[in-house]
Amino acid sequence: MQSAIPMEYFLVLSAILFTIGCIGVIARRNIIVILMSLELILNAVNINFVTFSYYLNNMTGRVFSLFTMAVAAAEVAIGLAIAVNLVRVRKTMEIDEIDTLKW
Amino acid sequence: MIETLFFFLFAALAISSAIMVITMRNPVHSVVSLIVCFFQIACLFLLLRAPFLAGAQIFVYVGAIMIFFVFAVFLLDIKSSMAKQKFSKWASYGIPVSLLFLVELIMLALKGGFGNAADSSASAGQFLDMAKSTEALGTVLFTKYLLPFEIISVVLLVGFVGAVVLTVKAPKED
Amino acid sequence: MDFSATNYTLMSPELLLCSAALVILVLDFVITKGSRRWIGYLSFITIIAAVIEVVCRGAEPGTAFFGLYLQDGISMAFKVVLGITAALVLLMSIAYSEKIKAFEGEFYVLTLFAALGMFLMVSASDFMSLYVALELTTITFYILASYLRDNEISLESGIKYLILGAMASGVLLYGISFIYGVTGSTSFVEIQKSLAQMSEFPQTLKFGMVLVIAGLSFKIAAVPFHIWAPDVYEGAPTPVTAFLAVGSKVAGVAVLLRVLYTALMPMQEVWIGVLCGIAAITMIFGNLAAIPQKNIKRLMAYAGIGSAGYIFMALAAASKLGAGATIYYLAAYLFSTIGAFLVIVLVANSTGGERIEDFNGLARKEPYLAATAFIGLMSLAGVPPLGGFIGKFYLLAAIIEQKNYLIAFLGAVMAAVTLYYLVLVIKAMYMREPVNDDRIDVSLGMKFALTVCNLGVIYLGIYPGPVTDYAINMAQKVFFKILEG
Amino acid sequence: MIHYSWFILFIPLISCLTIVLLTRKYKDLSSYISIAGVAIPFILTLKPFFALLGSHGHFEPIESTLVWIDVPGLTVKMGTLIDPLSILMLMVVTGVGTLIHMFARGYMHGEEGFSRFFACLSLFIFSMLGIVLSTNYLQIFIFWELVGVASYLLIGYYYEKESAAEASVKAFMTNKVGDFGFILGILVLYYTVGSFNFYEIQDILATNGATYATGTLTIAALLIFAGAMGKSAQVPLHVWLPDAMEGPTPVSALIHAATMVVAGVYLVARTYPLLVLAPAAMETVAYVGGITAIFAATIALAQNDIKRILAFSTLSQIGYMIMAMGVVNLATAEVYTGYSASMFHVTTHAFFKALLFLGSGSVIHAVHSQDIWDMGGLKKYMPITYWTFFIGYLALAGLPPFAGFWSKDLILGAAHENGFHILFYLGTIAAFLTPFYMSRLWFVAFTGPKRTDHHAHESPLIMTFPLMVLAVLAVISGVIGEFGIPGVYHGFSSFIHYGSDPHGPLHLDIMIQSTIIAALGLFLGWWVYGRKQITESEDPMKRWLSGFYKVLENKYYFDELYFWFIRNVYNRISAFCNWCEVNLVIGFGVNGIAYLTRQSGAVLRLSQTGKVQSYAFIFVLGVTSIVFLSVF
Amino acid sequence: MKFPLLSAIMFLPLIGALIISVLPRGNRMGVRWVSVITTGISLVLSIYMTIAYDTSAGADQYQFVEQIPWVETLGVQYHLGVDGISVSMVLLTSFVIFTGCLVSWVSIKERDKEFFFFLLVLVFGVHGVFMSLDLLFFYLYYELAVIPMYPLLGIWGSANREYATMKLMIYLTFGSLIALVALLAMYFFAGEVNGSLTFDMTVLANTPYTAEFQKFFFPFMLFGFAALIPMMPFHSWSPAGHAAAPTAVSMLHAGVLMKLGAYAVIRICLDMFPAGAQVWMPVVAFLCVLNMVFGGLVAMNRKDFKFMIGYSSSSHMGYVLLGLACVNVVGINGAVLVMFAHGIMTALAFSLIGFIYDRAHTRMIYDFSGLAKHIPFVGVCFCIMAFASAGLPGFANFVGELMVFIAAFQIYPVATVAAVFGVIITATYMLRSIRDAFFGTPDPRWAGLEDAHTFLHRAPYVILITILLVVGFYPFPLLEIINTGVEPLVDKLNNAAELMRTAQLSR
């Protein structure tokens, strides 16, 4: 046994973080907070990958989480760029007030 | 045992700060909470013998991503936003469903059925040693996973171009 | 470092695309105003070259980069489809360029990058390369969707796409992590091998599989992961919408096909059920919700959702016919959808609107445009002798071969509904009086694109033999030889 | 080599087509072609006719056929059949037809649709000859319907008149009702016996008729008889015939007196092999005929339209013929007296009734009215018409030695002889009523001074010549038929008979009785109408019959009954079906489903709220539920 | 190489359509000449085909066969061939389209280029259905024959056309799609049995499907195709479609398109699923009574000429269904003959009504009176049509209906009685309409109405009437041809019935 901590602990933690991220996206109205919640989701996944990598004695998961981070960075950059433009144009940060496109 | 305790500490902090991220009215507070959360996750990575990732976590997230957020928060007029209602009306539906999802996730996490380490025990050593772990990561990254690595560079380039075309003031074409 | 081990020559189309994109990006800096259009044509030539390269490389199976890159008949087929899509979208973008106020050159370059991402997606043989390529595509689309920086609906569509897309990525990754957790690998072949040894599949694996399907369904816009599509399609610049509608969907299907038919093939009993369920609700929702639509791009979005349902139905066949039918259908879908979008761009340039009413009387003003839209929409509706008809025919055939009649009947019923709402557009074009008599200026490039679409649709409709044979034989070779052998 | 009978059949058709396609514009030419189209068949018919006369009762039927339908399980041949019965009918149709064509040329002079009229007449002759020459039931059915068409076209000749248009539809539809039974009867018969051909059926039924269920045969016979009832206007399908008088008078004479309406009798004769095996059907035939005879005779008492009176008398006479067909005592019968008598009456009736109609046509032509109370005093102005009509009148009245007497007498004799006493008395009463109402017609319309200021004048020769020929026939045909021509043949029944020749001794008692009755009727008629000039309002019938006169005038309210049925049942069912179609099938079913589909679309699109949070919610919900459904 | 007769007949209209599509706008005469000439040649070839068709006992079931592989993996071929049934239908189609083009020559006034284009494409599809021996192509043509109806009705149609067009499209597509599922199921079943997949209908027809399979899928095919016949209660698209369609389209629609459904029922349902037919055709016998009686009664209550004829058409198709339901030689021969005759008759009906409507701009029966005075030629033709419709002898309809009655009487006596009653109903409304519109006091309003004077005006009517009469007077040659197609079919049906009986006995 490599570690005293059972693998399930990490998985449950990541599940909780993932859910919190989801709740953040659904529940909050502020664009910035929603983008942050998305980061939470991606981090939860990272925990999963690293956990499995560790417990499976396998490098792949770690590499994967590294790429996830990089992608997350690019995503956030774009997300914030769009958000800034949007707030500039729409004069609001509440995403649910931005609903021209519907039905 | 100690590791377990540490785990619970980090986990508790991570969860509570994550909750704070989504509950704070002021986005600046959220950003700070998120930084805390990422730190905890970095620590957890250490527990999982992934020092390079822990570092990367801090560099990338805390160092880069969070700076974006901070800039964004300061660029934007958060005052007016803070005066408004914090939660969307979907929260009342979303939270129960998300919790249901959480229940599913936890049940599955506890179900197990994951592959076990015995298969690759020969190389087990490299994971215990933090330094070796990093080295192994590097080797794999530049050999086996060279392709995704290359693609990531393009992704980041695209991200850069995107950020430029979306935010930079359009050059005057005369 | 020994580069020969990476066997990088195999991915010459991608290398071509990537390097050309970079060159054009730089070129854009030095070029003077008014010549931006040439950037577009240059990009067009690049993508055509890449397609030619793909075809020249042939369907010879091979791997590169330690097995993370794969070339086979299936990838070739999808790359040709995607390449043609990208090329046509570029032509469309040139016609659309008046609306792009800033960074026109970068628009073409980003289109090339998106195409690159898609090419890599269909060649991915590992969840890792799959994910990264997918994100390349997706992030490019985030940018492209919100490219009209001062246009609120473009931005709105961009942010919606981004938020939901990131969530979908999260779900996908979560699923991948579970599959990885169970099998210890992210390589499709490895996963298949380890699954083949299992007598019983743990629930965690099923869970991972479901999440992967869900994450990819997002790209394909299948219910309940379709929600972004109508809004984004409507808000994004039309060429982007077209690219999303075809490219993103085709690439998503290609990846899903690859994942399901190689990595997860041993557990087909499990995913067939999931796919059938998704197919059913997707067909119902997409087609019914399309009926009251007034905006043509939104209508196309729902039509696309409906098509996703059909594709899922065929994928659920888990047979070579299913895979072949999917490829065939997507090829037909490409020409029909792009054809329709080309007309949408031109009409929007002229009348300034994208509502169905804006198409009123098109047949009188511009019979060729109307005919193209007619052909495209009718093909989507599955009307002979157009490609969409044969495609739908194959899709239905695939599921019926598996004796899954219930969903086949549902598909049949919904095909009639599809016809209904698409015909509404035809009605506007052919039976209403035109709003104004302005002729629509159609450039040579657009005429070429329109003709390509028409010919493509008609060719696929009346002489389906070669493409069908190719698709089915390749599906057999790529997906089923391993299992049989 | 094509059998000559085909020419008989097709020459009228050719003349019809020639008129339609080529000579429409040239009226005179059209009429000559039409006349030729019936005269040539008449001449051709003489050949078999003389052959028949010389055959001494041993005439072998000649069939000449052509395969018409030939698929496994069904072979139908069409062709011509020459046997005594068809020769007789051919003679009647073409002979009388020729005369009437000639008359019509004069009568229709100056009409706008002159060519159309003659084309239709030729079409009629073609169809009628088709009936006569039919070899099988299907063929007879085909021509049966075709004469219906011709009749429809000719009744509706004055199509601009609403009443004519109405009458044509009525005639056609009533016949259709009869034909409804007819075709079903043919089908029943076909599936029972296995053939359509008259002679084949006769042979089969003769050899093993007893093996078939009487019930089935009865049904078949009755259904076929329904066709006969329609065409021969037997009660209750008689309603069309009086209205059919809307057609030009030559049409009434040709179709609705001499030829087409007796096709029913001809059909019954052709169905005889079947009827003799179905006693109940046979009896029905007899009673339907008898009832029609008396029924129509009573109505004729109260009519004022000259053609209608004649029409009802036609009805009554055909009733006689049908009755004669039916009065057979199957238990003992060796000879079928009624059969011959009936066909004999068909022949004589054709002559004198055509005569009467043409006479009335001549009068109408002159007076331009059909109401008998508008006429009177015609002797001075149109003597030929006057005298020929008088002959016809006496022939119809049944006064010896005119033609009607002999044939009617045979019928009554047959009824009496075979024990149908009720029918015998009914027939006798009708035989009394007939001279009475004919006297009414005669004395009111022809004798005495002019009633109105009409400018009657004698018709041209082309109209009076046929009258004269027919008058001669009306005088002599009865005697010749009854007694034969020494050395040539032995009377009518020697070659028109079913079973063996029924020629028997004269029923002197009945002859005397019916002479007295006829004389009584004539006398009474003279006494009431001929003694002194009376006007319509003084018609003593009204007084004598009081309320019943109204009933008779309205023809026992059959029309009203049928109209009520059509308006309140038939049309309402149709309206109800339409209501179902519009509201249930289309409104509720089709549009309902369409509405439901559209509405569900409209509801589903509301899921797209435009708010990203709701999208995320749906996303999570979707994942949760799919996981729940597929993993757990 | 043999001259590809069938392809020539089929592709001539398409070639015409393509030529028309490249003709310059406004070349009105060119468009008309091209369509008349191409359909005319096609008609001549069809007549030649009918004459050259070998009816002798030893002849092939399918003649003039052309076969080219198309999709090898799925066993698709370009496979054409005709048997007796198809020959009659091809002939019918050629006649109707030729006369339809003649009628349209004068009646189409705007956007004629597109009109003739779609019209000819439609005919291409119809010919294809009748000739194709490959199931995929069969289905393709089947759909192709329906689609051009949409623009044809939608653009050149009259009252309520949008509703009608949409309804027509949805109904027919829906029906064919339902049938498609069953067709594909059959295709794969046959593939399993035969060891190789093929869409070749001659092979599919000779594959022994299990009785259960047949019984299960037969209704889907039946109702799918029967929607086009149209069998009640799936008929409501048809009268509405007729009413909205322009003249030539009504002619084709009622004359030919509805026959596609019946033809498909014969060619697919009966031929491939004989055991299913034995089980399900009695249901058809029941439903066809609805067609004949209900449809007729509805027609009787309609005041719009086109609706009346529309319902009348669905009512008449009831005879076809009844004939088919007999599943015996006489019945099916009769049914095919009714199809042929009704096609011609109803084309005539719609061309006449179109003639009146084009000039009077109303189709309401009560708007007219005494028309025969003003337009005698049309009046005469209308009368002839009405007589043919009412099943009067001398017209081809009668022969077919008679055969149907003869065949059906033994099997479905009640339905036959209803059918015969249906004839009375037909006569009622036909004669009433003549009485109301053509007879009676001439209405001065229509005094200026122009009759069909020129050769061009009259030719279509004369042609159609001539065919009705010729076949009506002497049906033997046509029946001989039809029978060559029917006999093998019925043999198969009888064998299936025999097998089912023995299976029942052994159980």
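Letters A, B, C, D and E name the chains as they come in the text, with residue numbers starting at 1 for each one.
As a working rule, a residue touches a chain if its C-beta (ideal position, glycine included) is under 8 Å from a C-beta of that chain, and two chains touch if they have at least 3 such contacts.
Since the model is a prediction, treat every value here as computed from it, not as a measurement.
How many hops, at fewest, get you from subunit A to subunit E via touching chains?
2
What shortest step count links subunit B and subunit E in the network of chain contacts?
Step count on the best path from subunit B to subunit E: 2.
Taking every chain's C-alpha mean, which one sits closest to the mean of all protein C-alpha atoms?
Of all chains shown, the one whose C-alpha centre lies nearest the global C-alpha mean is E.
Identify the chain pair with more contacting C-beta pairs: C-E or A-D.
By the number of C-beta pairs in contact, the winner is C-E.
Using mean CA coordinates as chain centres, what's the subunit B-subunit D distance in Å?
The mean C-alpha positions of subunit B and subunit D differ by 102 Å.
Compute the distance, rounded to whole Å, between the mean C-alpha positions of subunit C and subunit D.
Each chain reduced to its C-alpha mean, subunit C and subunit D end up 77 Å apart.
Take the average of all CA coordinates in subunit A, do the same for subunit B, and state the distance between these two points in whole angstrom.
Centres of subunit A and subunit B (C-alpha means) sit 6 Å apart.
Once you find the CA centre of subunit B and the CA centre of subunit C, what distance in Å lies between them?
Each chain's C-alpha centroid was found; their separation is 30 Å.
Give the residues of subunit A that touch two or more other chains, as numbers and ranges in rising order.
Those would be 18, 21-22, 25-29, 34-35, 51-52, 56, 58, 60, 63, 67, 71, 74-75, 78, 82-83, 85, 95-96, 98-102.
Scan subunit E for residues touching two or more other chains and write them down.
170
Which residues of subunit D are in contact with two or more other chains?
Residues 605, 608, 610-613, 616-617, 620-621, 623, 627, 631-632 of subunit D touch two or more partner chains.
Which two-chain combinations touch?
Contacting pairs: A-B, A-C, A-D, B-C, B-D, C-D, C-E, D-E.
Spell out the residues on subunit E that touch subunit D in their complex, using ranges where they run on.
Against subunit D, subunit E makes touches at 167, 170, 233, 235-236, 294, 297-298, 300-302, 328-330, 333, 370, 372-373, 383, 387, 390, 392-394, 398-399, 402-403, 405-407, 409-410, 416-417, 420-421, 423-424, 427-428, 431-432, 434-435, 438-442, 474-476, 479-480, 483, 486-487.
So in the complex, which bits of subunit A are touching subunit B?
Touching subunit B from subunit A are residues 2-5, 7-13, 15-24, 26-30, 32-33, 35-37, 39-40, 43, 46-47, 50-60, 62-63, 65-67, 69-78, 80-85, 87, 92-94, 96.
Inside the complex, what are the residues of subunit C that reach subunit A?
Of all residues in subunit C, those touching subunit A are 127-128, 131-132, 135, 139, 142-143, 146, 149-153, 155-160, 162-163, 166-167, 169-170, 173-174, 176-178, 180-181, 184-186, 230-232, 234-235.
Which part of subunit D faces subunit C closely enough to touch in the complex?
Answer in residue numbers: 597-598, 600-602, 604-605, 607-608, 610, 612, 615-616, 618-619, 621-623, 625-627, 629-632.
In their shared complex, at which residues does subunit D touch subunit B?
611, 613-614, 616-617, 620-621, 623-624, 627-628, 631-632
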